[in-house]
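There are two complexes below, and they share chain A, which is joined by chain B in the first and by chain C in the second.
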Partner chain A sequence: MKYINTAKQIIAILLVCLVVGVVIISEHSWPEGARDYLFAHAFEDTGATNTVSAIYLGYRAMDTLGETLVLLVAITGTMAILVNLGKDTIEEEAVHFCLPPEKRAKNALRTHLLEVVSSKLGPIVLLFGFYVMLYGHISPGGGFQGGVIVASSIVFLALGTETKSKLTNTVVLSRIEAIAFLALVLASISGVFFETGFFGNPIKPETDLSANFIILLNIIIGLKVGTSIATMCIAMMGGRHDL
Partner chain B sequence: MNILILSLILALGIYALLCKDLLHSIIALSALSMLSALLFTMLRAPDVAITEAAVGAGVTTIIFVWAIRHTQRREEDS
Partner chain C sequence: MIFERILIFALFIAGFAAIVGIKNIIKKVFGLNLINAATVLLFILEGSRIGDQAPILADSVESMVDPVPQALMLTAIVIGVCVTALSLALAVRLYKATGSLDIEVITKRLQGEH
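Entry: the complex of A and B
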């Protein structure tokens, strides 16, 4: 039995060397064609100063739609499992972070340090998330990054504050998510009516306003990603199972 | 400097795999994400760094800790 394990480890190390070694030994230079093209044309084509935003919302916006769909399916599956989990072990297992103290389960770990730090930090992180989301076409960031930061700030607020707010209510969050996905589909077909094709920019290029489509897509994707991840995290912490 | 951070990342990854206490593994993975974000920033990819810091160190840590609370903390010897 020991020999088999040793043989397995040796084979694993050999395979790792096979994969990594090719990259290290190879003297083939990195491809530069796409980089030079994007550096020259990205701003004129899409209106975004940040080239990464220009790629994933301008040239390859189709991939972004696919990624959003993947996230939607993942969240749907998680919520389906969580809702069924809540039926069997409804009150004992779920750790109610979001409830007021008298309704909370006894094993919920909430210290004063956690409450003070997360409730004070939450709004600042929320503001930073919206900054990253709204300025994704100029500075580093974008819809996905800003959305995840917004989601973590909503989790902070759910951990820190005892008062019920609509921001930490999973019903409200999942409605915002659905509306954002509908808006994304509508925005994706809007280019069809302006002769730029599916996911084309409906505003004419080489004008000052052509970055507005990127900003719109960033806001929609940010709201979608942020609310869906926040819904999942709050439902996992035992917030509310009724969807 | 890059080599130092990369070897730290490798060490943290190996520790997260071999450690029997899963909570320690999660903290090691979170530290690994922060180091990766630092490395991405130094390699001038701030977009990737923001994503790595928010997803790797923030959201996945919450999800993993939740999963541990509902299963068990110690890994069993097989």
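Entry: the complex of A and C
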């Protein structure tokens, strides 16, 4: 029985090698049409210098809406699975980092290094996350990247700060997430009133202000992604006492 | 050129082998992550084949890389995070229900209950 299982696994790996190997040995050259079009027109069409931002917030913004929906569903599912586990063993187990300050001393995994580094690093990383989020249209970055950096800074603050902060409260974070998603939906239909269609830029593309729509979407998506991933991480660390 | 592709191929196969071959479900989730990373690397590598500058428009930019696969992989990374979180939460749930992370022990104990 054991050998049959091993043989099945080897056959499965060989079949996947066959499928993926075709991609690996392909000699087809990468098409340049999309690159050339974006190089010539991206700034006039969307107002963003960063062409990656121009794609996912300008040309294909509805994909971004779908992506945030997927994120929302995943967070909802994760929280539903975790919350129903029961709260009895949460605070006693040594594996949970995110304890209330008075119980931290007993936790074997909390070292001085963690205490010192995480609380000091948190605000700096938070500032850097907002920088990446706000300047996503002219430099590398954007809403998703900045949001993940903001989430990691919130995790740092949850691990390090002595006092209970509003920023690491999952109820507050969930509310910010919900408001950001509502703002994203409202921003998506704002173009309808200015005759540019669903997710169209409501500001005229010729003016210098047309990048502001991209900045707005970057801020909304950054808040959404940052708060939802931070909520999930804090819930996984056992800090969901407020739920 | 073909060398990078072979490395990415090895990464993908390592992830798939972890999913089908290892019994610990946490390590299966690691395998999913490896497959995700291999896909992202392949797209970024192929998109950078036609240029060598970052896809940010400026006066000095002449041959930038293709921004389309980068925008696609932005989505793939976020979905990868979602999949990882959801599967880890399911792993915690299974551990609480059966007391084991070994997939065969979990199957046996769940069948024993019915």
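Basically, the second predicted complex is superposed on the first by the 192 of 243 C-alpha atoms of A that agree within 3 Å, B and C clash if a C-alpha of one lies under 4 Å from a C-alpha of the other, contacts with A are read in each partner's own complex, and residues count from 1 in each chain.
One rule holds for everything that comes next: contacts are C-beta pairs under 8 Å (C-beta built on N, C-alpha and C of every residue); 3 or more make two chains touch, one makes a residue touch a chain.
Quick caveat, the model's predicted, so the values are computed rather than measured.
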Practice task
In the overlay, answer first, second, both or neither for which of chain B and chain C A:Leu126 touches.
Solution key: neither
Practice task
For A:Leu173, decide between first (touching chain B), second (touching chain C), both and neither.
Solution key: neither
Exercise for the section: For A:Ile55, decide between first (touching chain B), second (touching chain C), both and neither. Expected result: second
Exercise for the section: Please tell me which partner, chain B or chain C, touches more residues of chain A. Expected result: C
Problem - First, second, both or neither for A:Ile229, with chain B first and chain C second - result: both
Exercise for the section: For A:Glu67, decide between first (touching chain B), second (touching chain C), both and neither. Expected result: second
Exercise for the section: May I ask you to decide whether A:Ile81 touches chain B, chain C, both, or neither, giving the answer as first, second, both or neither? Expected result: second
Exercise for the section: Have a look at where A:Met237 lands relative to chain B and chain C in the superposition and call it first, second, both or neither. Expected result: first
Problem - Which superposed partner A:Pro140 touches (first chain B, second chain C, both, neither) - result: both
Exercise for the section: Could you look at A:Ala158 and tell me whether it touches chain B, chain C, both or neither (first, second, both, neither)? Expected result: neither
Exercise for the section: State which residues of chain A lie in both footprints, the one left by chain B and the one left by chain C. Expected result: 50, 52, 140, 142, 144, 148, 229, 232, 236
Completion exercise
Listed in rising order, chain A residues that touch chain B in their complex are 50, 52, 93, 95, 132, 140-142, 144-145, 148-149, 151-152, 155, 229, 232-233, 236-237
Completion exercise
Contacts from chain A onto chain C in the complex sit at residues 9, 12-13, 16-17, 20-21, 23-25, 29-30, 32, 34-35, 38-39, 42-43, 49-52, 54-56, 60, 63, 67, 70-71, 73-75, 77-78, 81-82, 85, 138-140, 142, 144, 148, 225, 229, 232, 236
Exercise for the section: Using the touch rule from the top, collect the residues of chain C that touch chain A in their complex. Expected result: 2, 5-6, 8-9, 12-13, 16-17, 20-21, 42, 46-47, 49-51, 54-58, 61, 64-68, 70-71, 74-75, 77-79, 81-83, 85-86, 88-90, 92-93, 96
Handout entry: Residues of chain B defined as touching chain A within the complex
Key = 46-47, 49-51, 54-55, 58-59, 62-63, 66, 69-70
